[in-house]
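Below is one structure; the comments refer to it alone.
Chain lettering (A, B, C, D and E) follows the sequence in which the chains are written, and residue indices restart at 1 in each chain.
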Amino acid sequence: MDWQALLLSIKLSVITTLILTPISILVARALAFNQFRGKAWVEALAMTPLILPPTVIGYYLLVGFGQQSWLGQTLQTVLGTPIVFHFSGLVLASLLVNIPFALQPIQRAFEAIPDDVRDAAACCGLNRWQSLWKVEIPLVWPGVLTAIVLCFSHVLGEFGVVLMIGGNIAGETKTLSIAIYDKVQAFDFDAAGIMSLILLIFAVCTLAFTTHLTKKIGVNRG
Amino acid sequence: QSIPTVAAAANVRFALDKIQQQFEQDTGKQVRISYGSSGQLMQQIKHGAPFEIFLSANIDYAQKIVDAKLAPPPAKIYAIGRLAIMHNKHVKLPLSNNLAYLKQELQQGKIQRFAIANPDHAPYGARAKDVLQAIGVWQQIQPKLLYGENVAQAAQFALSNASQGGIVALSLTKAKGFSEKADAVAIDAKLHPKLTQAMVLLNNASDTAKAFYAYLQSPKAQQTLLDFGFDLPK
Amino acid sequence: MVEPFQGLVCQINTTTPIFIEAEFDCRNGEITALLGVSGAGKTTLLKILAGLIKPQQGEIHLNQRTWFNSQCHLHLTPQQRHIGYVPQHFGLFEHQTALENVISGLNHLPKAERHARANDWLEMVGLATEQHKRPPQLSGGQRQRIALARALAREPDLLLLDEPFSAVDPQTRKQLHLQLLKLKSRIHCPVIMVTHNMREAQLLADHLVLMNNGRILQQGTTDEVISQPNSITAAHLLGNQNVVYAKVISQDQSKQTTQIQLGSHQFCLPDPQVRHIGERVGCLLPNELNVLSNSAPIAITLDIHCHYQDGQYRQIMATIVGDHTPLTLHSMPELLRKTESSQAVWLLTPTDITLL
Amino acid sequence: MDWQALLLSIKLSVITTLILTPISILVARALAFNQFRGKAWVEALAMTPLILPPTVIGYYLLVGFGQQSWLGQTLQTVLGTPIVFHFSGLVLASLLVNIPFALQPIQRAFEAIPDDVRDAAACCGLNRWQSLWKVEIPLVWPGVLTAIVLCFSHVLGEFGVVLMIGGNIAGETKTLSIAIYDKVQAFDFDAAGIMSLILLIFAVCTLAFTTHLTKKIGVNRG
Amino acid sequence: MVEPFQGLVCQINTTTPIFIEAEFDCRNGEITALLGVSGAGKTTLLKILAGLIKPQQGEIHLNQRTWFNSQCHLHLTPQQRHIGYVPQHFGLFEHQTALENVISGLNHLPKAERHARANDWLEMVGLATEQHKRPPQLSGGQRQRIALARALAREPDLLLLDEPFSAVDPQTRKQLHLQLLKLKSRIHCPVIMVTHNMREAQLLADHLVLMNNGRILQQGTTDEVISQPNSITAAHLLGNQNVVYAKVISQDQSKQTTQIQLGSHQFCLPDPQVRHIGERVGCLLPNELNVLSNSAPIAITLDIHCHYQDGQYRQIMATIVGDHTPLTLHSMPELLRKTESSQAVWLLTPTDITLL
């Protein structure tokens, strides 16, 4: 078992989730409550990482954030390190790839808030922030929880993009998923097997939990 | 008649591409090539991958295929590989064949990222590791190492100016798209054990595969290998 | 000196989100009922009054204070208007207890007073014992009352009720009607109430506003509107009325009478309006089968489809011979016994029938 | 542009979708209409491929269907070819990985059929198959279409598993996604760029289409 | 020779999916209305009759043919029963046109006849012109009628209607009632109809079955049940009734009378049942404020909260002094004018009041 890789994966998951969740809450709220031209396109764009091949994402990150690009050079000056072959690059990639996992459940949850509840909040004199904190967030909480669980477990398993822009640096960019691949390449099936088993169990439990949660919410709402 | 598949170590990529082209011109027959690290390919063959020729970057992996009775002996040595140290043209650091500057740059903290192939299953990675150990920087450089899945990915990593270079196969640095972007210097062969590259013709090989296997040993193919910086076996 | 008008004055005109054109007012302490078929724009009008939707043109004033004026680009938010609003589906905060829900509406009070005030109002709507339950644990009628308490506890300047008794069983509904009637004397603000239920409107409202397709069809005091609907649509909205279609046969402009064909009957009615020959007109017929006198000049033959006892009276479903619009009538039971055959003759005077 | 890889990817997508759709319709129907113990676990299991790392899936396929395994050897004798490093292996992997994409939308669609409609069908004298063909399938059709589009585009982009059990054989297992990876390794960024662009455009269009479709269904139902 | 019973006989008993215990029958050509609060199990009972749900115990027979018998493990499928079923939410096939929907129910006919038969029935429910529209393009009332046509066109052995007029406006509802009344003579099968609406039941049904918590509370002919509810729950279910609670003060077993306290009034009523002192009992009061005679021995003082004109009569909402249950009463308008103060005296004889 490659504990360092597991720890790195968990660190990546935690950081990604911590950054993505609050942003997703705000964006999901905006998408749920506002109608505007081209909204379907924005939503489609936000879903793109779900079906876009990881190699394509990897390619664009490599080209877009590599040092040959203007963006990559700017970021390097700002951050002091290059983005590719660096943990910060993985964070960036994870953020990008997990947008749909974070956004979708929260947006659905916001959309499920009846208009009447928001109207009532406004008419009770609650301003936008009070309404968000006291009324909306408690109501979308199950959606947020689902988003967190999905993001977390999905980051844990991210592979293709990391393979392309990570560089497989132990303790820095060698995540559990890469470690498994590595072990398989090096014929160490036993080690790969243990790590796979851990991720498999984690994935099934996660999903049983979220399915259960979703059902419960469905029942409560229904 | 299906087209036979050749499994080849990533280091012969550009040379073999050219040989394949010549072979198709000369014989009208076709082969297709899958590149990977020698270790990965050997393991895929053991799991039943339908390859008909295996060009390893060392002799051990080819021998393992023979030992597993998947190919008739002997493992045929087709080239002697050479390593090169390289970096992107934008990296304004000097290169030398004995890696004299590398040690210095490491100490000055000028090296943040340095690419080699994964020594666990890519022979070129293992030899690169030998080189780094030989010049006594292994401990120091290890945390900065980017491991390519195979030597071609290592070269791709090294080519990016997000790294300060890497140790890759000399043959890769001879590729067209490469020399415009990067500087490379062959590494003194004395710094590492010899990269004796062997190939085998697998049991299930078709006639075309056999023809390609023979073609690889033809003078024309050997000339191409020489052009790409390989040494030929005596 | 003339007292300035105390209450709500609304005159608005908009095409987004839907077409709404409305001009009406409501005095403090009075209840105006908004009636209309589903989709008429009742909820939308209420949301405009609440400040949840901004109309394109017009003005809204409350007690001489301007809430909305399109010319000055003035539009107060719901928060600034200080209203009490019971949305169509209550809009309770499901994660909060009944008490917390009511407290949520009391932002304008000092923190220390909120709890006591909320408690008072929960008691007022008879839910003191349920104060720590959350909405999902409460019945429809109880939820309704929490929403009502939350709106009332604000002591609002305007009370908006969107079908506030729609989701409760008849027994609870009666109880809530009684409660609102009792509160009526204590509420010093205008109350606008949407309802589909004529009886409810009759019971509670001082004024009726009938809406259709975003327009006000008719308004006036409850009795006025109910006794004199000004169109077929209005008559339909008022529900229990018997409206049938007749055909204009001829018109005598000098006598101001119109000859109509109703089913297989023809007769003459006083009618100030100009009609085209052959035009379809609505006839508003009474609800009683009243065959005491023989002197009535109009005799309509009815097919009686069924009748049943309803309290002291007999409820009848009938159609006019030659027409297929169902009519509901009631009569004294002894009258029907005489006509237990499937037909009856209905004697009316011309003034009993209103042409629309 | 590697046309062979594109063709192979499309072939893989078509075959996967063709196999998966009818099976998913039956399974989704069973899951939607029946309540049984452990249903939440079955549903969680069916969702697992969505968050399970591709390397873990790849590992298990390699171990389960490789020539060293009993199952792999049996299958090889039956089919005449090995499963791993062979097109049939990719089909198997794609089927597995795409279960959630195929099952979810169809199951949701079946669940959205009101009980009353199915009851009415039975009381109209339609037997189970007539009910399925004449009533249920037309009603879940939008869900099926979503499943097809999602599956198709997701197979087109599958990377990690294919990398592990494919072997990168041109015309056999070298899909477009792998081809991009391969081109990047051959320093041929231009070719990789063109292929990435094609997949990107395809993904965005697909999603705009499905989002639009979902919205339209939502409106129709609402 | 005795004619065998022609119609539906049902006697079932189950605890899954919910508790249901029911024993009743319905003759061919008669309509039985099923009344009960939401969740009473009405739909479940209908589904059991349809064969959609299998009960645990009991028997169901139709015209001497066994549909279900738990002892012989006989359970015909809905397909085998040949029924007409209008589900609570219509259950129309939204991808099919009105005509195709009706044709879908005609599997038992040869293909060639189906089209003509479906057309006939669409005409019968007045939808011939809408036959090529799909349900989403039709109004609620029109959809309802398609579902009705689909069920009727099968010429079923049993017709099951689950709140068949729930989703339509009052005008259309009246029309549909009329249509069903007209069809009644043509339908030769038992009809079981679920409804929440007392008036509808009175209008259409021959028998009433009141359900509560899966049990039959009371059954009988419509008039019987309405005039004599046998419990407070039954009285509540029948809706319009005035039920208030009183307290037992004393009982005279020999005279079979009970002294009760109702609000702040005390009086004696004939009562065959044995009561405990202090027990709460329900009193069923009449609907009329009838103060013509002065001879009535019981005088109840009412608080009148509001009254309004409803046709010929005056509708009143009142409470008994000392009690807070709202009562709805009607009276002749002239009577109320006399008592325009907020109180009135209601004169009753002991037989006017039923103790439950």
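Keep in mind that, in the parts below, a contact is a pair of C-beta atoms (placed from the backbone, for glycine too) under 8 Å apart; a residue touches a chain by one contact, two chains touch by 3 or more.
Keep in mind the model is a prediction, meaning the values are calculated, not measured.
Hopping across touching chains, the smallest step count from subunit A to subunit E is 2. Looking at subunit D and subunit E, no chain is in contact with each of them. Across all inter-chain contacts, the pair with the most C-beta pairs is A-D. Comparing the CA-atom centres of all chains against that of subunit C, the greatest distance is found for B.
The centroid of the Cα atoms in subunit A and the matching centroid in subunit C are 52 Å apart. Averaging C-alpha coordinates per chain places the centre of subunit A 37 Å away from that of subunit B.
Note: centroid distance subunit C to subunit E, computed from Cα atoms, is 27 Å.
Shared interface positions of subunit B, i.e. residues touching 2 or more other chains, are not present. In subunit A, the residues that touch at least two other chains are 62, 163, 184.
Listed by chain label, the pairs that touch are A-B, A-C, A-D, B-D, C-E, D-E.
Listing the residues of subunit B that touch subunit A in their complex gives 37, 39-40, 43, 90, 112-113, 115, 118, 120-121, 143-149, 157, 160-163.
For subunit A in complex with subunit D, the touching residues are 40-41, 43-45, 47-48, 50-56, 58-60, 62-63, 150, 153-154, 156-160, 163-164, 176-178, 180-181, 184, 189, 192-193, 195-196, 199-200, 203-204, 206-208, 210-212, 215. The touching residues of subunit C, counted against subunit E in their complex, run 37, 169-171, 174-175, 177-178, 181-182, 199, 202-204, 222-223, 226-227, 236, 239-240, 286-288, 305-306, 308-312, 315, 317, 319, 324-326, 328, 330.
Residue ranges of subunit B in contact with subunit D, taken from their complex: 3, 5, 7, 10, 13-14, 32-36, 44, 46-51, 150, 152-153, 155-156, 159, 175, 177-178, 181. The part of subunit E that touches subunit D in the complex is made up of residues 47, 50-52, 77-79, 82-85, 87-96, 104-105, 107-108, 136, 147, 150-151, 154, 160.
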